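Chain nomenclature is as follows: A, B, C and D, assigned in order of appearance, with residue numbering initiated at 1 for each chain independently.
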């Protein structure tokens, strides 16, 4: 499966009084990862998609498992793979890892739908976004 | 099942450029609900539990379904019920509703473990917290 | 000077790894206070003002002094007074205190302008908002 | 004056229902900039400073001017210069700009003190941090 990933350090503002990531911040980090994936890997301007084209990408379902804590200053890798591409929805497999692929801190299965930001109703995945996702998966010889 | 609930309005700071709740903010809201439940309903000072007694309440698993959007200014009810009380873990059933119980915006099944904030290892649920939860469930004649 | 105030506890999500309020969170708290003031004290629906009437209330200048730390669980009072009411701007005097008026944690002088959310240009303060602010100040016999 | 800067895009999670940066997020961005400056430019591990050495860097005063809005997707430059280095405090001049130095979105003058995270009392700026700041200013031939 084609994987997009970025690296970052856990910041002070990500952490709670226990000195570890406050778990809702993982979702903020992954939201940024999806933005970067759409803009940098798929070549579709995320902000144009949202602000000009008025396409929303709300989450309808998620399942998350928290395996190990991430501490302030930890270097982590955030990665994204497309698990399923539907007509109006996209299932993503997201992961936060430390040093080494075995050091999984947290993983997330997230179902996103495409909507009109004017009506908040679901719409088909825009053709260019679909083509870019299919091409991205094909590039890596994976279905 | 015994239910603890609070009411609030969706605030500007909860919302995204689409004018609806940015989904990680639901988890921030529910984190506050758990604090209020422990302090107000169970009678255990949440901040003493965390800061003085060094008991952590990290999430190890969650499943969330987002059913309908919540908009800036919407009055919502946040509710919490204990689904399962284990030796070292607690499964909560959390919900955000609009006006009327049928208007479910989002629900969350969350597994929390009790840990030592010094070691980040799991520990038994403290006896007073366990007793308060059991008593709270009993008060309502429910298992 | 007429004062609007609310009380709350410092929450886990407000705090940083030092166990004290992460300072940007004060601004989030005060943003909520301004919302409550407009809706509850002035009787103008804040969310209608922003979402339907498309009136923005961006900050153009602020000065803040942090006097003492606020810790997880601390009960605090957030208060707001109008220092100056201009044609297109409003200067607010905001404060976070602990127990007792002498226990000032942080104060903020904030200049807000009214804008059109369509152009992001300044506009006159809407007549009903101005009247409500003037009436609120008059109610307390203060200029 | 020696300047440290980083570039980033304005993210969805930085923005409010008006589609522009929610102003407290500027302070979160600048908090990250200070972290990066300490770790990358000064060569002092920020997270060791905070977590192991228990040195806090709370803000005691800030003055901010918001000149122009930043929108979702805007590329911005965040820059930092040391305006004054005291015995127990540091005054920073922070700025968020768009394309070109004239396109200032927001600037911030921030006074930070060094504290013990155990007592929350001020302490002298640690010798290695002071030396690194002085060296950084000297490197650029500036006082």
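Everything below uses one rule, namely that a residue touches a chain if its C-beta (ideal position, glycine included) is under 8 Å from a C-beta of that chain, and two chains touch if they have at least 3 such contacts.
As the structure is a computational prediction, the values presented were derived from the model and not from experiment.
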{"item": "Partner chains that chain A and chain B have in common", "value": "C, D"}
{"item": "Taking each chain's C-alpha mean as its centre, the one farthest from chain B", "value": "D"}
{"item": "Which of A-D and A-C has more C-beta contact pairs", "value": "A-D"}
{"item": "Fitted rotation between chain B and its twin chain C in degrees, CA, nearest 5", "value": "180"}
{"item": "Between chain D and chain A, distance of the C-alpha-averaged centres to the nearest whole Å", "value": "28"}
{"item": "Between chain A and chain C, centroid-to-centroid distance (C-alpha), Å", "value": "35"}
{"item": "Residue numbers of chain C (touch at least two other chains)", "value": "12-13, 17-19, 22, 24, 28, 31, 50-51, 72"}
{"item": "Topology of the chain contact graph, where touching chains are joined (line, ring, star, complete, other)", "value": "complete"}
{"item": "Of all residues in chain A, those that touch chain D in their complex", "value": "9-13, 19, 28, 31-32, 35, 39, 45-48, 50-51, 71-73"}
{"item": "For the chain D and chain C complex, residues of the former touching the latter", "value": "17-18, 20, 22-25, 27-28, 31, 50-51, 56, 58-66, 69, 117, 120"}
{"item": "Chain A - residues contacting chain C, complex", "value": "12-13, 15-19, 22, 24, 72"}
